[in-house]
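Have a look at this one.
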Amino acid sequence: MRENKIKSAWRDDKVTYGGWLSIPSAFSAEVMAHQGFDWLCIDMQHGVIDYQVAVTMLQVIGTTDTMPFVRVPWNEPGIIGKMLDAGAYGVIIPLVNDREQAEAAVRACRYAPEGARSYGPTRAAYYAGSDYASHANREIACIPMIETKTAVENLEDILSVPGIDAVYVGPADLSLTLGLPPRMDHDDETFQSARIKIASTCRERGVTPGIHASATLAPKHVEAGYRMITISSDVGAMAGAASEHLRSLRDVDASGRPAYS
Amino acid sequence: MRENKIKSAWRDDKVTYGGWLSIPSAFSAEVMAHQGFDWLCIDMQHGVIDYQVAVTMLQVIGTTDTMPFVRVPWNEPGIIGKMLDAGAYGVIIPLVNDREQAEAAVRACRYAPEGARSYGPTRAAYYAGSDYASHANREIACIPMIETKTAVENLEDILSVPGIDAVYVGPADLSLTLGLPPRMDHDDETFQSARIKIASTCRERGVTPGIHASATLAPKHVEAGYRMITISSDVGAMAGAASEHLRSLRDVDASGRPAYS
Amino acid sequence: MRENKIKSAWRDDKVTYGGWLSIPSAFSAEVMAHQGFDWLCIDMQHGVIDYQVAVTMLQVIGTTDTMPFVRVPWNEPGIIGKMLDAGAYGVIIPLVNDREQAEAAVRACRYAPEGARSYGPTRAAYYAGSDYASHANREIACIPMIETKTAVENLEDILSVPGIDAVYVGPADLSLTLGLPPRMDHDDETFQSARIKIASTCRERGVTPGIHASATLAPKHVEAGYRMITISSDVGAMAGAASEHLRSLRDVDASGRPAYS
Amino acid sequence: MRENKIKSAWRDDKVTYGGWLSIPSAFSAEVMAHQGFDWLCIDMQHGVIDYQVAVTMLQVIGTTDTMPFVRVPWNEPGIIGKMLDAGAYGVIIPLVNDREQAEAAVRACRYAPEGARSYGPTRAAYYAGSDYASHANREIACIPMIETKTAVENLEDILSVPGIDAVYVGPADLSLTLGLPPRMDHDDETFQSARIKIASTCRERGVTPGIHASATLAPKHVEAGYRMITISSDVGAMAGAASEHLRSLRDVDASGRPAYS
Amino acid sequence: MRENKIKSAWRDDKVTYGGWLSIPSAFSAEVMAHQGFDWLCIDMQHGVIDYQVAVTMLQVIGTTDTMPFVRVPWNEPGIIGKMLDAGAYGVIIPLVNDREQAEAAVRACRYAPEGARSYGPTRAAYYAGSDYASHANREIACIPMIETKTAVENLEDILSVPGIDAVYVGPADLSLTLGLPPRMDHDDETFQSARIKIASTCRERGVTPGIHASATLAPKHVEAGYRMITISSDVGAMAGAASEHLRSLRDVDASGRPAYS
Amino acid sequence: MRENKIKSAWRDDKVTYGGWLSIPSAFSAEVMAHQGFDWLCIDMQHGVIDYQVAVTMLQVIGTTDTMPFVRVPWNEPGIIGKMLDAGAYGVIIPLVNDREQAEAAVRACRYAPEGARSYGPTRAAYYAGSDYASHANREIACIPMIETKTAVENLEDILSVPGIDAVYVGPADLSLTLGLPPRMDHDDETFQSARIKIASTCRERGVTPGIHASATLAPKHVEAGYRMITISSDVGAMAGAASEHLRSLRDVDASGRPAYS
């Protein structure tokens, strides 16, 4: 079976940088896959992406060495199974808030006896290899999201579930449940201590801490111990650079409307 | 009929800045349409875009004030008609090298008696208004490309065809036919004089000169008289910013392969 | 944030007329969006429509003043979140039969602390505005369906859940659970009293009553107090008018087979 | 090979009524196919429909007795061949203005020795039967459009080309080339005499006259001798009935904007 | 309502042979539908198929006498309802392990009072007939999967739920939960006795036993009493024959890489 | 630039075996790409495949060592350019019957000064490498089809055009123009001598002869000198094996209808 280079990197405590995909297109995925990210995550929760186009994105990421991850829309075994069968090497699962939900997440990612994933890696076997059945439980990354106050409180309980490879912090949702506006970062002390505590608790338990971030925020997350860090996204990169191109040539009014200069 | 604000701007000798779309997705088009470009061009020639998805891109550009242009794959009346019926307000037509080809381009863009476009603005009438038939010949921009040595030689002949609103310079193809590598700009004298001559000849004839460029090159084109300038693209902006995000955090080897740092 | 004009109208006790979309096409949605409905509902439950095409339909409805609603296939937070992130301004949720299910529906529609919706309005922010996070809990309409005998019995309990803006009566399912054939209306007394009771109970609680209906049935629903009324549908309008066109020219036999007259 | 019931009907001088499809959806095509039209035409010229979705429409029309026709975007052998291979039983070809263009149209529709169509009915053989090769030249309808002043002048010349089964009048384009606004009908004498002359000339030559029309106009076309008459369309039926539903309930202002009554 | 010929065949204890579809394409489905299978199953669980393309596959299977079945990704009422509304005549439901899950499966497949399926057979009524509401509970096949050790232990309990027409054995998942590698068959005694026990228990209870198999395994399953047997698949047939074609002409090395012979 | 291994093999007079793709699906293409063919050809002429899905098929073939070829629908520079820009390494061009048409084919495949292909390898550069511009004229295979009596007569003239790498014989069309039914092979002497003459004439001119065939016919084509031989297809392999699976279990009547045995 094709090695999951990200899990290997995590075992060596290496930092892995990822890109985020919200555009439903195999071509934009291909462009992103050629930039050199360690992994790319197809976001089926907040991205504008559903199953059928996600498969073509997984296929095209497979033309490069970048590892394909998927964020599913919900902690639901049907879609987790579909994305693994389509070749995802890691599944990010939203809103895992307690031990029971963490167990459900693992169950959906692992074949018996470690879980209850149904067998049928119809496309995955082409990407991963014909010995997929024997190694998938070991190679596939199961990555619950820690993104609420409750989840932070239940973190040790969640991490005690066998089969969790990493957790992924969603700072916007975490902000909301802490009474803060939904942002990637805050000076706020509660937020910062949660951010740091998650990383250290994970590291103690041998689980890789991950976080949704940006290139600017990455260094401070690395310092806190995070090893799975999103540093760019298709939409963010495109919108940021395109608006910068325009701004360099003229003033755009606040509404973003064309000025017909 | 909805006014073609770009043609109005050109009449006032205003510079219009455009963005270029090669990703086949209504969502990435929507993101680009919110950046404030004067016009966006859906590239059906070299972009990864065909008719059916182009329609959804035209629809979503229509949620903003940005004007929708299309580059068709070839100077062929079937596809020109289809894109106009779908709501394009300007059609960029590749490789128009002589008067006869220019006449064909105009004929495909205009209803009788000015041309031979077939009537049936099935979607366009929703975007443009129910009085489309009366005003389309005036509002729609017909934009042949000047992108070969031959076309430059035949420029006056081409511009003498009534109904051409602008021309669009393709610097890469122009380079190739001048014996240069396909690039957006060259120091080469022949190239520079062609670039300047096209602009001045057009302006003398009352035709707006346009050119495929970048934010960096735009000022020098404005100075030469160009008033339709592509300054950014979905793929270029995305790839440029995403790779910059990565580069800021680590060295990527020349192959663009992930380093699993 | 773009105002939800339907919720404003409901606050003023105005009747709002809606259209129903079952055809998976952004173009047919665009045609319907230009007819002047107050709102259009993309039916992902019984309509032939899934996520990816629904997004293009939301985009194109956004070219008009008509407000975009969605009926999700099930009371499931994953798909509710996806449709809100895609720009739906109202979500109709099937088969809400008791207080617990109503709470789940609200939880999926509202950000913390009023609910548990996950943050990431990737497309919604383009349609609604960049201040979406601050106002979404107020502007988005959460609309459970009351469509079973059980739901009618539990109506007060359901309506006591904070955050419900309207309810939507499904007459066909209500018929079935009352032992009647699945139709839009019945003379049957039980059915009629349920229909009237729902409207009056809602109005007492400050919740807008809505119902799946037709242009013919609308006046009697208005009289009963309904303020959200479906009066037409893409399939119904098309099939009705097309068959009428044929019928006006010849007798068609009962099977609907062509007669090759 | 499955019989082309329309050609059989024409041989018996029977009127055939058709529906017009502009919505790119196999589901709306299926709805229309169940209304009982003799034939349905998938409009790839002015309809919002390209090859890939047109195939699914052809497939679903094949679940009924209604015969599938296609209007191609242009008199171009590549697309004519693709649509025949996909199972179209009739091809309407725009803007055939002289004998040479008519010969090109026939050549694209017929296998050698009668034409130069390339062999490979990959999907057609499933719909039509495995003996497609032997009978296709006889069963497939080749239908050039007569829709310009020039074409009317050249009509006898055009009809002298062997292999033309019917012609299809495009009244809007015919109007434009006669100096009239693009409409389905005109009181104008030139228009009327053209309309009548086409029918009578065709009938003399044994070619079936067809025309783009409506249920209202159909009887007068039948009287003039037309035997292939479009009487309804997906978009027209849907928009007409939906707006009528709204109008029955309230006044809509001229802009078609919702009134939030 | 169109008869479910498979349920009729089961009542007469006839064997029905099915094909399995994992390729997301209406054209490959059409090819398979013309081979003469009794039924075809669109696999939305492990197949690379989601709702929107599944509908086009259901439509095209409807051009033949082959009956359309669907395997849904999970025992979830939203997707079961969507596939039935799209015209599926049988629903195979994964991982039904106990009575409660079996009851949920039936509830999702049947209208009240036998279940809680929501009414709205938007496409199904075109395929099945306008009297769908009256007969669907009888004609639609509800087919839970028996594919775990637990399910085998609970089999009698599961079969006691009214409304189950057949069960479908998933040998690969059954293998995994029995501690065996995931394969279609095993010499292993535990596996064989489970396979035989399921068939005999089902037959005693009047429920048709079904199993995922191959043409080679089919005779032994028939002998054991199975009457719903998958004997081929789109991917398996294609890959098997294509690789055989290559192998007949050259040696391919173990990696399956081209040899550029 | 990625090497075109097929052109290298041809230079060494090696036989290359190809597979033929008519199913519009990136997944079925992926399955075929893992069987070990030297090249796969996406058939956009008679296959059920248009541009947008063809791109995803090119992408996924790019995950393997198999080389991606495309047959375009017609000798038209717009679509030839689009497919090359999408990453095709060889273009098979139908119905090239004389020197002029051969020159047009080459012109569409080569950049200036060898041709007039427009520059913009938007996706190709990701698959082929960033030095695409410098090497494309050498690596891309231009492959006109010889498939009519006229083309055979003009063969030397056609082969004298510089830039033709191979020709591809279409036996079905060749049959038709020779007055034979459209089949892959015939005992007929005229057919056989044409088949042999094409191969020998090509070999004398240094052009690789290719032919549409099957695994069974391949050895005799190899013997005649053909070095580009299609030996299998997605549809043929699937339909052949699936029907064989059924036939092994029961007699199917001639109509291919299910027997409900």
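To keep things simple, chains are lettered A, B, C, D, E and F as they appear, and every chain counts its residues starting from 1.
Everything below uses one rule, namely that contacts are C-beta pairs under 8 Å (C-beta built on N, C-alpha and C of every residue); 3 or more make two chains touch, one makes a residue touch a chain.
Please read these numbers as outputs of a predicted model, since none were measured by experiment.
Enquirer: Using the touch rule from the top, work out which pair, C-D or B-F, shares more C-beta pairs.
Expert: Looking at contacts between chains, C-D has the larger number.
Enquirer: Distance-wise, how many Å sit between the C-alpha centres of chain D and chain E, to the nearest whole number?
Expert: Centre separation, chain D to chain E: 41 Å.
Enquirer: From the mean C-alpha coordinate of chain A to that of chain E, what's the distance rounded to whole Å?
Expert: 34
Enquirer: Measuring centre to centre with CA averages, how many angstrom lie between chain A and chain D?
Expert: Measuring from centre to centre gives 51 Å for this pair.
Enquirer: Calculate how many whole Å lie between the centre of chain E and the centre of chain F, each centre taken as the average of the chain's C-alpha atoms.
Expert: Between these chains, centre-to-centre, one finds 37 Å.
Enquirer: Got the chain A residues that touch at least 2 other chains?
Expert: 22, 24, 27, 31, 34, 48, 50, 52, 55, 76, 79, 123, 235, in rising order.
Enquirer: For this structure, enumerate the chain pairs that meet the touch criterion.
Expert: A-B, A-C, A-E, A-F, B-C, B-D, B-F, C-D, C-E, D-E, D-F, E-F
Enquirer: For chain A, which residues count as touching chain F in their complex?
Expert: 26-27, 30-31, 34, 55-56, 59-60, 62-63, 123, 126-127
Enquirer: Across the complex, what residues on chain B touch chain D?
Expert: Going by the criterion above, the answer is residues 50-52, 55, 76-79, 81-82, 85-86, 111-113, 116, 118-123, 133-134.
Enquirer: Using the touch definition from the top, list the residues of chain F that touch chain D in their complex.
Expert: Within the complex, chain F touches chain D at residues 22, 24, 43, 45-48, 50, 52-53, 72-74, 76, 79, 94-95, 147-148, 170, 172-173, 175-177, 179, 181-182, 235.
Enquirer: Using the touch rule from the top, collect the residues of chain C that touch chain D in their complex.
Expert: Against chain D, chain C makes touches at 5-6, 8-9, 14-17, 19, 22-25, 27-28, 31-32, 34-38, 48, 64-66, 214-215, 218-219, 231-232, 234-246, 248-250, 252, 256-261.
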